[in-house]
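Two complexes are shown next, each including chain A; its partner changes from chain B in the first to chain C in the second.
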Partner chain A sequence: MSPLTAEAVFVAPRTLPEVYTALEALGPAATLLSGGMSLMPMLNRGIGPRDAIVSLGRVDGLAEVTLRGGRLSIGATATHTAIARHPLVARSAGVLATAAGGIGDLQVRNRGTIGGAVAHGNAGADYLTVLSALEATVVIGGSAGERRAALGDFVLGLRSTDLRHGEVVTAVEVDGSAPDAAAFLRYHRVQGAAPTITAAAVIRDDRTVLAIGGATPTPTVVRVSSVEQALAAVDAACAANPLGDAHNPPDYRRAMAAVHTRRVLEEAAA
Partner chain B sequence: MIDIELTLNGRPRRLAVDPRESLVDALRERARLTGAHVGCRTASCGACTVELDGNTVKSCCVLAAEADGRAVRTVENGAEPGELDDVQVAFAEAQGMQCGYCTPGMVVSVRNLLDRIADPDDDEITRGLAGNLCRCTGYVNILKAVRLVRDRRLGRV
Partner chain C sequence: MYIGERVEGRNNRLVVAGAGTYVDDVRPEGCLVLAILRSPHPHARIRRIDVTAAEGRDDVELVLTGESLLAAGIAIPPSGSYANFTPRMTVKHPLAVGKVRYVGEPVAAVVAHDLVGARAALDALMVDYEVLPSVGNALLALEPGAPRVEDEWPDNVMVEYPFEKGDPAAVLGATEPSRIRRGTLVCNRIASTPLEGRGLVADYDPHRRYLTCWASTQSPHILRTLLAGALDLPDSSIRVIQPNVGGAFGGKIPMFPEDIVTAHAAIVLKRPVKWIEQRHEYLPAGGHSRDVRCDYEVAFAADGRITALTTELIADIGAQSTFLGWLMAIVSAGCIPGSYKVDDVRVRLRCVVSNRGPWQAYRGYGKEVSAFFLERILDEVADAVGRPRDEVRERNFLTPDVFPYEQPSGWITDSGDYSGTLAKVKDLIGWEGFAARKAAARAGGRRLGIGIGHELTPEGSSRPDSLLSGTDSATVKMSPHGDVTVLTGVTSPGTGNETGIAQIVADCLGASLDRVRVVQGDTELCPHGNGNYSSRSLTFGGSSAHLAALVVHDKIRRVGASMLDVAPGEVRLDGHRVIAPSGAEVGFGAVAATIYRSPHARHMEGVEPGLEVTRTFKMDNVHHQPEKDGRYNQYPTWSFSTAACIVEVDEETGVVRIEKFALVHDSGMVVNPLLAEAQLHGAITQGIGASLYEEIRYDDAGLPQNLTLREYTLPGMRESVDIVLGHQSTPSPFTMMGMKGVGESGISAPAPAIASAIEDALSDLGVRLTEVPFTPARVWAAIQEAR
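What follows is the complex of A and B.
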């Protein structure tokens, strides 16, 4: 660990307006901290500024899960553990609970939050995939007010989002009525490692939405008319925007994307 | 430096910490509780596992400042050196360790698991310990230790 030299600040406001004020006052040096499960490993490696931390951990009510006006709203600091167990999530969006319960390990789920995962925007992240298939909306707050964005418009690329400095993801919303059927699959080669492929399918009366994460920089989302059409669409997306690393090169991810497209659609339809 | 007040192993405790300091460093270097180990600082290995408000966390990736006003329970759990609880005894008897580096984190996770699930099956034990890596034992004797303490508590052995 690099030596701690300059003076540092840590603030943990109790309200969102105070968070926005702190972010504005501290400027670009400010680092927003939620569960820390993606951020802290980087700070510990010396990546990124860490002399001005603004924590969301004490904001009152930010972890709340509510069902209002037909929308299920999940507060940004709801942990993976809380989402996996929440009865409202189970009732309205069971696949989301399934996805949350499979992330990392217990200690990671006890700290990591949905807002942090969405803001981090990592390819293949379980939430991005399942929330894409659930056609989620991201609620973003800032000193200028609140705005909403479809998840697909919010996540712009690999770990890149439409979040501007001073803005905070405050909640994620999905349809509060449970889909007719749904399935979620995660495929990882080593236990504890990030998933290679995540796949979600959500069937409602007038549409089936498929999302495949991990084969392209952002989830590939397909309105499904047939398994063959979905396979072709996913394969075309993988060819156009390949993603890969030494352990899981692009060709391998592309092949696994096809396998999991078929599998998740079959499982949802079963 | 900032002052934090926490309940540490059941007792109120005040610590002066750097705002960037991890909880594991504050525990080891300021509170002199060296049970929680540092293996990776990337939330991967679980050697630094402690309970924060009753939930297991990897204390290398929690800021000490975040523990202000909260309850932290470490592997020491207020005991004197040499005083072992039934989980630690079972690890010793089943040889659930070799080098012992992972053991404090394992013990904290096992205590937490058995608090949540009194009679876990092998699948539940494995999932409860998925965040704790051991490079020595191959986990077989760790599972034995957990089954042993479970069965003793339930009066089966």
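What follows is the complex of A and C.
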């Protein structure tokens, strides 16, 4: 069923400049639609503006995965399934493919996109956590040109990002050389449910970056010097910015953040 | 013989092929779409509803509010009387009048040309609410001076149902304190969550004054009668057709407010109108179950024998609208102490209304609540006396020689052999020798535990002075070509009872199974029946079909014998033939042809023409006349099961994984083991869901916390468990062929079995689980508390 009102505007441009033009013409009420796996259920429940939808689904070339100049670039509309199966992702950032392959269920993975997930900025989202550990850069396009932001700077809070009106997340970039070791853990209740905790660790040379999602409004990212130091840092972050709901309250998420800190570091080091 | 055979369900291929017709597939020409505006508030007065903008839309045909329905004379007065208690009742309104009492309560309805238009019209409705103080749960609702859910009531208690046997207070008073345990147990709220939501398509013919409804319902005849009452139409002016149903589990026992609103809209507009429930409507407003708290006191002897038990039950039944789900709490109370012999017992139940959503029937129908409480208490007593948990159950079980046994509630249990299922399930799970496995696993850093849980499942509910009283007729008819059609008043929510009924009729007639067709779910085709609930499709519907088939059998026998020129007593009917001792035979087709084509000829002398018979089975051990015989019993058959499981607990996260799950069930004589097992697989999986995954939560104000299936974490294939099943048959002495119901068996035992196993895995920590479901957060918290 369609969530749209009878008077709703739906546009599906073929190029990014046309997307920017449409966003400008429709004003702040415009809603960007990518795979729709988070957006459509919200619109169905009457959450958020739904009078003007701009779809990215038909923009040519926006789903491309490339390796150029030592950077792996993943186009915004690449689906989770495509990312999970892409040989370039497997070679350069296998942990990202692992994370993509565990999202939701097959139907969601076939439609959901990485750009959509990053722009949605939900706490605990698989991509936010793994991309944080991979120290990813978000590529943001707009009529004024392109800008880049570190993921940690882009995601401001729970479902809140630095995406400004008229802008579109066009790609995500990570280091194109495979890390020495990496691990990703997803702790969720049932198949298809959002994760309670996601954890990623990426080891490159002597540097270990840990990211824990789901216990704080945005991923907690730690440059790891020891397991104890990582545990303390994660715990301090959970205490400072707790996150939780009736089903998984903050104290439980905080404890699980610690458990998964240890487990993901062990797995990455194994 | 077909009875006892593992005949494949007749609907299986249709369902798997996606070839079923469900209510949303019913699309009459020009069908309009109805959508419901629901309350966003747990408790609020409706000051005013401004419908101007919605009505002004070109594509909107009708806007309905509580006031407009009231003006049309639609309101549901209280009806029905109950044997042992008197509930406070209210007049029920399909759309809220005056105030709303839960989030999701229907407030207004719009009918538009399509769903897009209907949703836009909902947006255009302006409701001015005055938000009232609310009570988000039963304990808050019981506080002195609490806001009242029903303005006319003095407090929030809808039903008070106490009963007592012996003198538990005296026994408790005389028992030394070390042999007494007190505590609180909680069954949290869940929802049946069928794949297909509720829905109804209504089409009114003004010329014939005839309303046709296609409904995703369990009971077409009941829905027809209730709709006729609500809409002030003759029963005969309404036809209810049940298309394929995509799961029901009790959740589609009629009638719902939306049914009335949709049918009324179709009559007003004289056009077909469709309402299809959305998932976000279902979760807060489609009806919940459980949500019962139990404060108990138990006294016991040194060997674990329970000498006295008192339970104070508080059922949070939410805000009752047109739903009858609250009766589940009565069953929870009535099944204490169930399978156990306790001579001094007191039960006091209070059904408390709150600003949560209303209850609606769900598989288990309250028996799962009493099973959880009783089994947890048995485990606690076993631990207190330091005896094995299985031994303490043996010590307390009713023994096979006591039946029929009158429960303290007055209900009469037909038969049982509870030690039998316990012994068998211990074999299946590997009870002996588990201690060594557990120790070895522990040495390797893993925590395994084993547990058992027993359930008692009274079935065939026949409530006095209600439409669900146990009247399920069946018609068996044979055509001139000898083909058999069974029309039955019981329906199938997709479970395959039509296959079982066909097996019963084929055996009774001596017919070929492939020439017996079963037709269900249409009030104009099928004789009156209660539809599908309380696992009674075969015990009632199958027995009625059997009675009707006997009459057809007799006529075929007499006419066939005449055609073979032998005495009727000499022939037998088998393989769709009448067979003489000599081996001479005549096919049913030829006999039926004779009956239809030559009713006045030689073979039909003294035989009434026709081959269509309707019969209605009456259950002998349902008793509704306590004033006459001192007995009251609404449950004729009492199935039971014992479950055992092995779990692994991750003590860091509280995550529980079921390694092995076994259940031995006893539902008397089984007509089709394959279908019975399918029922058990489904029920056990739902029982596991309610033990580990599912929970409907509210905050203290009554705001629901599960708006989508992302929060109501329903188990899927990844969470499914390999289930090992065993059978035992203790026939009912009261039913045809000793059948008992099986549709609910297996949903109650998982929670106590899993609780028991989790505690065993953590036995060195002394963890106690008192609240189901055992979510990781709850298990983790219990571990922290024990440390």
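In this text, the second predicted complex is superposed on the first by the 263 of 270 C-alpha atoms of A that agree within 3 Å, B and C clash if a C-alpha of one lies under 4 Å from a C-alpha of the other, contacts with A are read in each partner's own complex, and residues count from 1 in each chain.
What we mean here is this: a residue touches a chain if its C-beta (ideal position, glycine included) is under 8 Å from a C-beta of that chain, and two chains touch if they have at least 3 such contacts.
Computed from a predicted model, the values in this text were never measured in an experiment.
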Quiz item: Looking at the overlay, what does A:249 touch: chain B (first), chain C (second), both, or neither?
Solution: second
Quiz item: Regarding the shared-chain residue A:55, is it in contact with chain B (first), chain C (second), both, or neither?
Solution: first
Quiz item: Between chain B (first) and chain C (second), which, if any, makes contact with A:41: first, second, both or neither?
Solution: both
Quiz item: For A:269, is the partner it touches chain B (first), chain C (second), both, or none of the two (neither)?
Solution: neither
Practice problem: Kindly classify A:239 by the partners it touches after superposition: chain B alone (first), chain C alone (second), both, or neither? | Solution: neither
Quiz item: Once the shared chain is lined up, is A:150 touching chain B (first), chain C (second), both, or neither of them?
Solution: neither
Exercise. Using the superposition on chain A described above, determine whether A:194 touches chain B (first), chain C (second), both, or neither.
Key: second
Exercise. In the overlay, answer first, second, both or neither for which of chain B and chain C A:33 touches.
Key: first
Quiz item: Shared contact residues on chain A for chain B and chain C?
Solution: 1, 4, 41, 44-45, 105, 191-192
Quiz item: Along chain B, where are the residues that touch chain A in the complex?
Solution: 2, 18-22, 41-44, 46, 49, 52, 55-58, 60-63, 65-66, 68, 109, 127-128, 130-131, 133
Self-check item: Touch list for chain C against partner chain A, complex
Solution: 59, 115-117, 119-120, 123, 278, 280, 652-654, 693, 695, 697, 699, 705, 707-711, 713-719, 775-777, 780-781
Exercise. State the interface residues of chain A toward chain B in the complex, per the touch definition above.
Key: 1, 4, 8-10, 12, 33, 36-37, 40-41, 43-45, 50-51, 53, 55, 57, 81, 104-108, 110-111, 191-192
Practice problem: Could you please specify the touching residues of chain A with respect to chain C in the complex? | Solution: 1-7, 41, 44-46, 105, 187, 189-194, 245-249, 252, 255-256, 259
